[in-house]
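One chain, subunit A, links the two complexes that follow: it is found with subunit B in the first and with subunit C in the second.
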Partner chain A sequence: MTAPTRVETPRWTGQNYPRKEDRRLLTGQGRYVDDRGMIRQGYAHFVRSPYAHARIVSIDTSKLENMTGVYCTLVGEEVKEMTDPLFQIAPPPGGNMVEYLMAVDKVRYQGEPVAVVLAETRELARDAADLVEVKYEPLPPVTDAIAAQEPDAPILHDEVGTNVSWQGTYEYGDIDWALSEADHVVKIDKLHFHRFSSTPIECFGVVVNWDRGTDTIEVISNNQMPMFGAMMIAPSLRIGIDRFEFVSQDIGGGFGIKINLYKQTGVLALLSRKAGRPVKWVETRTEHHLDGGHGNERWFLDIEVPVMADGTILGVKARAIDDAGAYLHYEPLGAVIWSQVLPGCYKMRHFRIDYSQSLTNKCPTVPNRGYSRMQHLWMLERIVDVVAHELGFDPVEIRKRNYVQPEDYPYETPNGCVYDSGNLPLSLDKALELVDYPKWRERQKEAEGTTKRIGIGIGSTLDSGTNNFGQSRIINRELPFSGNGEAAICKLDLYGEVSVALGTTPQGQGHETTAAQVVADILGITPEEVTVIPGFDQARNSYVGFSGTYASQFAVTGINAVIGAANKLKAEMVELAALVLGASEEEIELAEGHARVIGDPERAIPFIGLANMVYTNNAELPTEVAERISLNCRHVYVPPFDPPDPDRKYGNLTLTYASQIHVAVVEVDTETGKVEVLDYAAVDDCGTRINPQIVEGQVHGAAAHGIAAALREEMRYDEDGQLLNANFLYYHAPSAADMPHIKTDWVESPSPFTGTGAKGMGEGGGAPLHAICSAIQDALGTDVPIVADSFNPPERVYRLLHGEGLGAGRGVEVVAKGGS
Partner chain B sequence: MILAPVEYCRPDTVDEAVEALNSSPDARALAGGQSLINVLKMRAAAVDLLVDISRLEELKGIVRHDDGTLEIGAGVTYAELAESDLLGGDPRAIAEVAADTVDPQVRHRGTIGGNVCHADPINNFPPLMVALGATMHVVGPDGAARDIPAEEFFTGFFTTAVEDGELLKSITVPALADGTAVGYVDLEIGEAAARAVAVVRTEDDQIAEAKLVIGCLPVPTRRPEVEAALVGTAVTEAAVAEATAAAADGVEPLSDADATAEYRKAVIPVVAKRAVLAAAKGGHRG
Partner chain C sequence: MDRSDTFDIEFTLNGEAVAATVPARRLLIHFLRDDLDLTGPKIGCDTGHCGACTVLYNGRTIKSCMMLAVQADGATIETVEALAADGEMTPVQQAFHEHHALQCGYCTSGMVMSATYLLEKNPSPSPEEIREGLRGNLCRCTGYVNIVEAVAAAAGKETSA
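Moving on, here comes the complex of A and B:
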């Protein structure tokens, strides 16, 4: 374990230092993938399947053969000859899947690429792609995750032999005992978490050149986890990781979706090799909707919840059926990642979750802000809310009664995860205060009997950050993954400049700023004097296998790598200064761009002097020192993890747990079912904040994504597997004008496990989905079916008001036991 | 962008534009491009010639005639409508609807002529023009000109009475009678899912005259039976609700990713009621 040194009296860390990257990003001077190009490049356009499920009978590219300006084509059969199938994370049966970089023989979702065309211009590539003639033999599609598991369902992948890609039971405590001992058992038929995407404003893009001279592949792209992409495609392309140079500068949002940019990269690399020229490809919005990747859809069935007379909830029994879409991209990791937050914010101890994952003829799912935990946390919040409404408990009191309490930390969950710190009751109080809760309860009473009902809802959620990749062994015990980490390089350059290279591939999170703040404190300079090199470049060698920004971890992995590298550099600088100033190392401080003797400012050497000693004047140094000190310090931060126990599905799966408590006040128009957000509060606790304003920005972004997901956004497939809203005309991503004013506050519960006290944050755990469903439930009361879907557009709420829910009857049943 | 190849011309006069439109059966007039360019991007229409009419002075301008009639050039943008002094009074609904149309960029490009000629069921102006009793002035080859009442102008899903080779030149809107106001209400689910426009004259807290048009249907549809039922109705929610209860009878809304036809039929009477009440209370939005 690395124990980073905490600067005792930070000057810059913790301040709202203005974002260093904003000057370029806000003045249109960012450099995104579509701003990049290479000499002699051609433009690629994919030919995509119009069918959700079909056999490819033939692909005829002959019309393109003599077309002026068309360089080359590539079809699935050629890809099959040149490559090996992709590595699968799943064990059999899912792991038996034979997946090439492009469809071969069969297509399994609408928009799946079957061929790619390279031409002189984007327009010509697009027109030429229209001339590729593909004959399909349509097959019956399966679009419903439950139906996909029926014995007569069409099978997507013959070699898998089933549409169930993974299944396992997560059992802790004794749920049968709890159900028999409880005073009440609340049974819920069905809950459904819908499919949506965080739709980054910049779609995928790749500029790739497979250089024939060096046999290396330069990839400029907006992949947010490039080394994962490299690990996926290198074996398929039959090359080493060292053949790649992945590069990015600015990325227009990722949210996890941009982890999915690897198959396309591999195909385009092959196209470049075949054409003997660089290839540029930028996805359109419709292509991104069809093929970029969606968040996981999930069903929860046969839920049983044991509740004591005092409102204590003992646990949950349920079946979960996840819908992975047509292929397993990053999946089935989601089938364990949810268990990082098994009991959510609550002290429930008894669980049995039968989890399975279906393959369906829809776009593959990929990590999406709140990945896999959000779905589970939403189920738990629905349960707490339904229990409160059905049994007559106050929704605030039942939460406070069941929350993990401030004195319980570090709190070990039934599956061995350790919640590091927090103060949930205080966070809830603050959120309620922000909206003036008593006022809204009054307004709610006044509105009774009118057509504009008011509801107040709470979303309690956790943002688990810094994965222990060992949890992948709970999915597949053969996987050689555990732990996590990040690299950074901190360097004193020739004239005394301080630079930092990251591995984190930022997508707008302000890493240049926060990294500069912590380095400035360690080296006694200002953040302005720290150059954080924008973006990612594999050639900088500042990466490990887990590098990237995803899963709420930068504030822990990225920042601790930077701190470690800066501390190493500081140690070298202090050693040099002690040598040249004739003092002991303990007497040296770094301040104002100098190394100086504490209390004797006349005895000082500027940074440029230290650099000179190493880079250009080394004969003055003892050889032993000159050979050891480089002023170019790489550090790998490794969080303290052990591999989990796959048999018991037990272990510490994530290092930190930020919490978000959201409160939504909504008005439900009972004549139309339309829901309007009247007031909204978000209280975030991510431990010690490095830059509070950046944290608040993340809170706003996560709230906007969640509110829109709850009310506006659904990737809607029809029964033929056609995506009905594959553009922003029909898919209603919000604008700022669509958002309510979001009131924010914070609690700071430093993490004892991260050195700095900071926790990863940013995903937000889907808190708005929980809060808005809860508010709608509160407005509708118990005369109508329960709010059983995470997506509540006007028609769904209207149907609830008219008695139509997801389950039988009201979708909920309360069994009173033991004479209570 | 990724349009199919298409010819483009920018004539200097309406006559030249009409001539160009008659040079090919697949010619289309391009005004602000806020709808047509999207159609071309999706390659959903066969167009071989774009006739750019966006700079034609003859299509610009808003004029108030002596009889109070308002004449609006087909090339007037939403932003110009929203900001026009002439629309500050009567009927201000046109300016308000224009001001509520999406975002500033679209408002500065999109035109009222384009909006009505594209005739997308979710477009703002078609039901409003029908409700206001507007007249569409269409020109054709060799100086031909036709006046078409708005009620006959919209003939189907994305289709109007403007024939190949013709061009909408302007729209006239009669002045509203004293005591008359417009109510314009829609239910938005990302886009408008149901819409009603009511023009109502009240006397002594009773409805003396009413026009009701339902939008978001293949064609903006007047509801004469409801209009008749409204006459003599007190301006109360209950009374108006009773009169508008049949507002969706016989109409066939579309189903899409946002809402089913069944749901839309259920909420049409609600928006109809709200539009009538808004108009009766002198406002525009309900």
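Moving on, here comes the complex of A and C:
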């Protein structure tokens, strides 16, 4: 007799199941950090440096000593006595940095905290903070990453001895050969990727209690990578990880920036211990812009590109100078993370990128959607575009010629990364079709000679996901990190309820919904019947060191952890059911809330019956089974990685490579320099989609961030290191009226490496920055300097139209080699 | 006036009479959230730009971070908590759910209030009018695409109902 076959068709996975999170968020019942508090809490307010660079001469808190309602103060010197400096990721010299949880002796950026006050109310804490008298001796600041490397630049950190926090050369193939053999060499003076932040609408917040009775620290916060935060601050506070309980429920956007919420958490924990009461702190918008963290600014200098007569681009030689700001927060990991996408979407094989990172008197940079890869991808797309314009190639054809082709996957890049799957030419075709490319080319011709020029631009990107943390050893070979992972717990509760605990900290990505969809399919119930416990709680023990929601990975790490836990639970349930129904395990199926014998639905036991056997009726079970089966199944998903080779800077740095191809159509007003987006399309390929609507929402969001960054948003410092737009009045986050409609389509190239075929996605690779710069270039033509900055407000475009670019002349030179 | 001065106020909040004593300088948003534990309206900026704190004040949308609590005296105020008070989400809320018009949800309380007000004033707005009508509310997750769709869909429902 052959065993009956079971239908394994997913019923819920792949559907646009409306989100389980929505109801509470739509009815004002979400629980964000500022919605929560603790009994007896005081409110904290930080005293911040008005200077970008200064010596702290003295801090006088005496005016607060007898103020009614002021509980306590804490200054940097006290922090220094109670703590150790923070662990540094960088090797020396950057790793010699001595960074305490709060500034000691010196401040290095405007807004850096020097003291904190705890008081009975928000208002009083703010008033009292104004009465703290800090004497500063201003020092000359350096705000430019290139100038910071000059010999006469003021040094930020004496113990580092230089403002170069990290330097390394990434060399693959033979770029010198390529440059000598190429038919053309295109040289670009300099490109500049600007500083901005995705500015989540919810600023940082922490409610923390250092409990005197248990000596444990409860932290309610909106940290999006809490265990990284715990790993950073526990040694500084001289305590174990087990002293912490990090908790969050709803988080109001993160985009990477909320990885940066750990120093403040440490200081506030000390403040709580000193005051003997819980502490609540919520950043103001201005504080968030000054201190929350910005995306990386980067310069690319002396770019040389070997190009063959047929348009084949052989590689890139360049210097990259990254601007980390005043401290290394998560940095210098960005100094390797860009190399996940070394050749971008292209089959270039020869590279020499001399990468260095400067410390400057600006807010520390932190991961921001598209972290470190979008800067590099932007450079590559600028190169491809400039090559096309200067040498007269069609921008579509040159991309298609150089793209990694569908038949090339899995494709190994020159530095050992393995692109899993994709179809870039098809994605580009779909994007062009969405905007009706031929129509816009016609319109472009019609607009020639008028003051409203039209340009069409392409942005080709990869959204690399699921980091191999072994790449950190390329930065610092002493680091004990490699691989990645995520945990989940799937449980059958006492009355047969199914619940799931995640290790992730979603900020809108809909994890409760997608986790419920896959669990429902495995256990034969509906997503409605799966409770995914909202948010993160360290006490659930559903976490690993890399837990969190960042770097485009939930669909791989999080979902595979959930699938693993649900499969373990299913196996236990099937074993129990087989035992009680007198059948073999192969004969049992889970369906409609029952375990039943296939083809004989009368022989069934409901989930509550299985739960009863284990939780409250276990004398009925053989002891061996009762001791082994818990119905409480934890699974850790570990992606298949080896540690990279730090000598060759070689290895597979991420598991999946989703792609996004964007096309932008812009109108440039030659009288004002104003750029208006007339049409916009994004085509995403993230493999198998678990919930297409959620995927599309991520595509919209990433596109909006990039469009706004390209045209509206810059964290702008003056020469004194003063941030000129520390609020939404001057920092132009877009409203609905400022944004174009975004058309979307998709290609589905399942990943062979993830089990489900899904790829991580969400960051989007900064595609709009590439596409819009490309479109502006297309509108301006080759009579004016190249678009060399990623930020193009009207004044910059106006200057380009009048011959003022970033480099010498037009910022580009073509050297034609002999014989072609 | 001293910073410790307080005032007695009476007003109607989500259909119920409220009497309270508030410090002169307390913002309406802080009064709603911290003193009345009505945490639906959110705080996202210091300057009245983000709109997360949007509530209805005598039937008009206002940003409750731009008003003092004392100004609530005599007024009728409605927050997002009033919308599904009977347990049923309103057509606007339902449309946001169906069209995936929210992600992190932080702007949503204010966005839903502004969308509701917009449809009261203009029951069948064009996409451009929707975008203009929501100009005072910032969302950093959605790129507004699905928000515009949801409001248009809610408008369709209300007109056909």
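Criterion: the second predicted complex is superposed on the first by the 811 of 820 C-alpha atoms of A that agree within 3 Å, B and C clash if a C-alpha of one lies under 4 Å from a C-alpha of the other, contacts with A are read in each partner's own complex, and residues count from 1 in each chain.
We take it that contacts are C-beta pairs under 8 Å (C-beta built on N, C-alpha and C of every residue); 3 or more make two chains touch, one makes a residue touch a chain.
All of these numbers come straight from a predicted model, not from anything done at the bench.
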Subunit B versus subunit C as contact partner of A:D189, first or second or both or neither: neither
Which superposed partner A:E331 touches (first subunit B, second subunit C, both, neither): neither
Partner chain(s) touched by A:D323 [first = subunit B, second = subunit C, both, neither]: neither
Subunit B versus subunit C as contact partner of A:Q509, first or second or both or neither: second
First (subunit B), second (subunit C), both or neither touched by A:L729: both
Partner chain(s) touched by A:T672 [first = subunit B, second = subunit C, both, neither]: first
Which of subunit B and subunit C A:Q693 touches, first, second, both or neither: second
Touching partner for A:R122 - first (subunit B), second (subunit C), both, neither: both
Greater residue coverage of subunit A in the superposed arrangement, subunit B or subunit C: C
First, second, both or neither for A:D537, with subunit B first and subunit C second: neither
Shared contact residues on subunit A - subunit B and subunit C: 122-123, 127, 284, 729, 735
In the complex, subunit A residues that touch subunit B: 122-123, 126-127, 284, 671-672, 674, 712, 714, 716, 724-725, 729-730, 732, 735, 793-795, 798-799
Subunit C contact footprint on subunit A (complex, rising order): 16, 18-19, 21-32, 34-35, 122-123, 127, 198-203, 250-255, 282, 284-286, 507-510, 693-694, 696-697, 700-701, 703-705, 707, 727-729, 733-737, 739, 741-742
Subunit B residues touching subunit A - in the complex, by the definition given at the top: 2, 4-5, 38, 103, 187, 189-191, 193, 256-260, 263, 266-267, 270-271
Sites on subunit C touched by subunit A in the complex: 3, 23, 25-26, 30, 33-34, 38-47, 49-50, 52, 79-81, 83-84, 89, 93, 96-98, 100, 102-109, 112, 127, 130-132, 134-148
